[in-house]
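Two complexes are shown next, each including chain A; its partner changes from chain B in the first to chain C in the second.
Showing the complex of A and B:
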C-alpha cells in the first residue's frame, strides 16, 4: 500500500528456561494508518519471530486480554495505534507490577484466583426469591449507581498503573475494590457485610494513597479511585458501627 | 498455585518512570511544608500564652532571612498543594449527582479553587484592615 511506513518496535523478551533476566529486542515493522500496536506484534509473530509470546483475543477493546505497557503507559494494545508513535519508536513491555511469565505474558493469578474471588463478585441476595416471583426490579437511578463499575473488563491496566500494588502486592488494588463497590452499590445486593473484611483491611481501601492514575488509564471509563475513596468514608463509619444504620439495605 | 518460574521486576525508582508519578510525589512532598508552617503557627500560639516578651521574640524570629525564605517556599508549595487537593477532590467526594447525572469533575475542582481564593482574600482583608 502506498501509505505503508516502517516503525521500530522494541519488545521485552524473557524466556524463563534460558534467561536470568529480561532483555529488549528490536524489530522493524511496516504499518499503515489503521495498524494497532497489537497488529504490530502479530506482524512480528507471523513474519519475524514466531516465538514472541503475548496474550490477545478480541482485537476490539472488550475482552481485556491484550494489556501491555506501551512506552511506559498501561494500554490495551488493540486500542493503541502505531501511527501515534511514528516517527519515534515503540517500546512494549508486559504490564507493570506483575511477575513476567514469558515475553509479554504476565502471571495474573494473584488477581484471578486470589483477590477477585475474595470479594464475592456476584449479587448476594438478602432473601432469595423463587423464580416464580419474577425478576428483581430496579429503577434507572438505582441502575446508574453501579453502572460504570460494571463496565470493568478485568484487563488489569489499573494494577499496572498503581505503584502501591507494585510496592505492596498484598494491596487488594483498584479493580477488585471498584468491583466490590459495584456489588455493594447494587440495590439488589445485600452482601456488604460479607465483603467488609476485604474492604476495611489495611490492604483494602486503606492501602490506597490516591495516586489516581488507575482512573486515568481505564479504557472503559471506570473510576476505581472514586470507588475506593468513597469507601474510606464507609469503612470509617463501619468502624464506629454506624454504617449498618445508614445503609438502608444493610445488615440483612 | 503451581510453581512457575517468573521474573519480578524491581520497583526501585518507580516514581521517576512516569510524569504522573513525579507530580504525585511533589504533591505528597509539598505537605511537609504545609505541616512545618502549621507547627510554626502553633508555636506562635504557645508563645502568645507565655506573655508579651515570648510573643515578641517569636515575632522577631519570623523576620530572619531564613524564616522569610521558608515562608516564600511554603507559600509556593502550599499553593500547589491546595491546587492538587482540589484536583483529587472529585475522587474523595461522595457520589454527587444533579438530576441523576454525576456532577462534572471540573465543577468540583473549580468550586474548591474559588473557595480557597475567596477565603484567602477574606483572611487577608481581616488581618490587614480589621
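Showing the complex of A and C:
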C-alpha cells in the first residue's frame, strides 16, 4: 500500500448524558492518499474509541448523511480527503446552526419535519392525466428550468453556511427554497399558488440577505442562491399581480 | 415502553418502503401506516443506484423479450409467473414516477429516453442521467408528504418483530436519538430493508446495508431463499468499492485489460464486431463479466495498482458532451476518488459485491410464509432475479412490488384480528432486556474485529468462484465468529442516546447469521448456476438436481437447515444461456 502517514484529528465531543459542555478530543490517525475524512472518523470508531458518534452511509456523496464542519467549512466528510489538510491537523465539528444531539450528530428535524413539508415538495397537478395516457411531454427547455434544482441531496451544508439561518432559524433556508423553486418551475406542476405563502413570507425568499455562501458549499451545484434570487423577482411580480400573466402555469 | 397502535408497519424507507406506504395510503386513507426507518428515508441505499430502471416502452421491444432476458439472465431460477407479472407492470410504475415528478432523461422531442443495459436485448432502461436511484428515491420521499396517513418514524431502528398466534402483531424499534424502545402494535408488517452487501468486505453498498429485515424474519422461522446467489458488479472502484454504473457500458463504454485488449471476447461474449450490439461483449450480464475479470487476473493480464488489480473502463470515445450529460455522477466520483477525468483517461475498475439475489421468500402478492408479513425490494426473494439479476430490474422491482405489498397488506388488515396487546408487550420487554444487556459487558471482542474477520471469511470463501474446501473453511470460521459474538462484544459506548456502536453490534448479529446462510447455501448447491459458480467438480448447471430454490431455516446456534423447493416454470423451459454471437449493430440513442 502507498505511503501511510499520521494526521491529528481533533473532534468535538458532546454526550448529553454526561457532559455539561462540548469539548475537543484529539486522535492520531494513519492515512494514505485516498483516505477521506469519513474514513478517518471510521478508523477512530473501529480502533480507538467506539463511542465517537457521527452519521454516514453511502460514502460516495449522494446520500447526504455525512456533512460536518471540517476546519470550519461545511463539507461532506466522504468527499473531503485527509491528504489535503496534512501536515496540519483537521478539526471536525457538527454542522453549524443546528442543535447537537451527540458528538457530530445534529438534530435535523427542523428541516425534515417542518421546513421540507411546508413547501409541498411534490407535483400538484392541474389537470391530472391517467397513467394510461403515458408520460407528460417536457421539452429540453422546460426540463432545464427545474432540473438543476432537483439535484439537492438534503445534506444541509447550505444551512450550516447560511448566516441568516444561524441568526433566524425560522428562515426557510437555501435547500427548501431551491426545492420550492424546483416544483414551481416544473411544467407538470400547478402548485405555485399553494406554495406562495411560504415563498413570499418574511421567512421565505425575503429572509435571504444574498451572502451566497450556500451555493459555494453546495456539493451538487444546485445553486440555491440563484433559485432564491429568481424567486425574489417572482415574489415581487406576484405582489403586483403580474406573475399570473407571465407564467402560463401560475394558477391557471 | 411506549406503545403505538397502527395498522401497518413498513420497515425501511427506501424505494420499496416508500412505494408500499404510498400504496397503503392510496388504497384506503383511513388506514394508519407507520414508516419506520433507521435513516431518514432519503438517505436509504436506493439513493446510490445509478444506471436505471427497466420498463418496456419502445415499439421494437416486447414484454416477452423482457421476460426472456430476465429468465435467461437468471439462469432459469426465476419464478416465471412472477416475472410475467413484473414485466407487465414495470412501465406503468415508471409512468407513475414521471407523474410524481421524477426527472427521467428525455429525448429532444420531450419524450422519455431509454438506454441499453447488460443482458437486455432492447433499449428499455429508463434513466435519470446516472442518478436514477437518487431521483426515484427523492421523488418518492417528497411525494410521500402528500399522504397524511403515513406517519414517519425517522431514525428508529427496528430490532425485532412480535409474532403471536402465528402472525405478526408488532415491531419493536429503538428511537436512535434517545435509545428508548418503542412497540408498534400492528396487524401487518412490510419488510423493505434492502440487501446484505455489508456481509462482504469488498462491496458497493452503503454502511446501512446490513440485512436487518432478513435477519428479523429468519429469527421468526421464515427461511431465507437462494442466498448463495450474490451478485458481483463488474465495475466498482478498487479500494473503496464505489459503484461505476453499468450505464457506462450501456452508453458504449468498453473494458480493456493491461494490453488494451477487449478481453471479454475470450469469454463467450464475442466476437467484437459489430459493436455495439445487445447481450454481447460489454453488454453481457454481470455474472459473466465478473467471472471474466477473475480469469484475466489469473492470467496476469490485469493492471496492477496500489489498490489492487484492475481492468480499464474506457469512455473516451463517447466524447465530453455525452459523458457530461449521461454520466455526470461517475465523472465526479472518478475525479474525487481516483483523480481521473473519464473524458481523458480510462477508469480503473474491478468487481465488488453489489446485490443479494436471494432474501425473504414471498409470492407474487409479496406474502411471506409468516401471516401478516410482507416483503418487497432487495430484502425479498419474490422470484424475478433467479441466479443472476439483470441490471435495471431491481429499481423497477422496488416500485412494482412495493405497490403490490402496500395494496395486499391494506386488504389483509381489514379482515385481520386486532393485535393482542398483553402478549406483544411481554415479548417486547424481553427484546428490550436482551438488547440492553449488550451495553454492560466488560469483556469480549471488539465489534470491528468480528466484522473484519467475517468480511475476510466471506471474501475468500464465497467470492466470484467457489470451491468446497474454501467454503467449508468459511463455514467453520463463521460458526466460530457466531460463538464469539454470542459470548458478547465489549462496547466502548455504554450510553443510550445515539449509540451507533450498539446499533452496529445488533446489526452484526443479523449479518453474521446471513453470512452463514450464504456460505452454507453455497456449499450445499452442488452445481454452477448464474452468480454461484464453482471451480471444483460441480462446474456445470445441474437442472436435474438443482433447478430448485434453496431454503435455509434457522436452527438456533448451529448452521441452518437446508431444504429445496420447486421453481415455477410457465413458458420457458431451461436452455443454455448464450451471449455474444452473431447480431446486428445497435443504434445507441
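By definition in this document, the second predicted complex is superposed on the first by the 250 of 252 C-alpha atoms of A that agree within 3 Å, B and C clash if a C-alpha of one lies under 4 Å from a C-alpha of the other, contacts with A are read in each partner's own complex, and residues count from 1 in each chain.
In this text, contacts are C-beta pairs under 8 Å (C-beta built on N, C-alpha and C of every residue); 3 or more make two chains touch, one makes a residue touch a chain.
The structure presented is a predicted model; accordingly, all values stated were derived computationally and were not measured.
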| item | value |
| --- | --- |
| Touching partner for A:22 - first (chain B), second (chain C), both, neither | first |
| First, second, both or neither for A:96, with chain B first and chain C second | first |
| First (chain B), second (chain C), both or neither touched by A:83 | neither |
| Chain touching more of chain A, residue-wise (chain B, chain C) | C |
| Touched partner set for A:216, first chain B, second chain C, both or neither | first |
| Touched partner set for A:5, first chain B, second chain C, both or neither | neither |
| First (chain B), second (chain C), both or neither touched by A:125 | second |
| Doubly contacted residues of chain A, that is, touched by chain B and again by chain C | 16-17, 101, 107, 109, 140 |
| Sites on chain A touched by chain B in the complex | 14, 16-17, 19, 21-22, 72-73, 96-97, 99-101, 107, 109, 113, 140-141, 144-145, 163, 166-167, 209-213, 215-216, 223, 225-226, 229-230, 232-233 |
| Interfacial residue positions of chain A with respect to chain C in the complex | 1-2, 15-18, 34, 45-47, 49-51, 53-65, 79, 101-103, 105, 107-109, 112, 116-117, 120-123, 125, 128-129, 131, 134-140, 142-143, 146-147, 150-154, 179, 183, 186, 188-189 |
| Complex contacts: residues of chain C adjacent to chain A | 39-40, 42-45, 47-48, 92, 95-96, 98-101, 103-104, 106, 108-112, 131, 134-135, 138, 142-143, 145-146, 154, 177, 206-208, 239-240, 242-243, 306-307, 329, 332-333, 336-337, 446-448, 491-493, 495-501 |
| Residues of chain B that touch chain A when the two form their complex | 1, 4-9, 11, 14-15, 17-18, 20-21, 24, 28, 88, 90-92, 94-95, 100 |
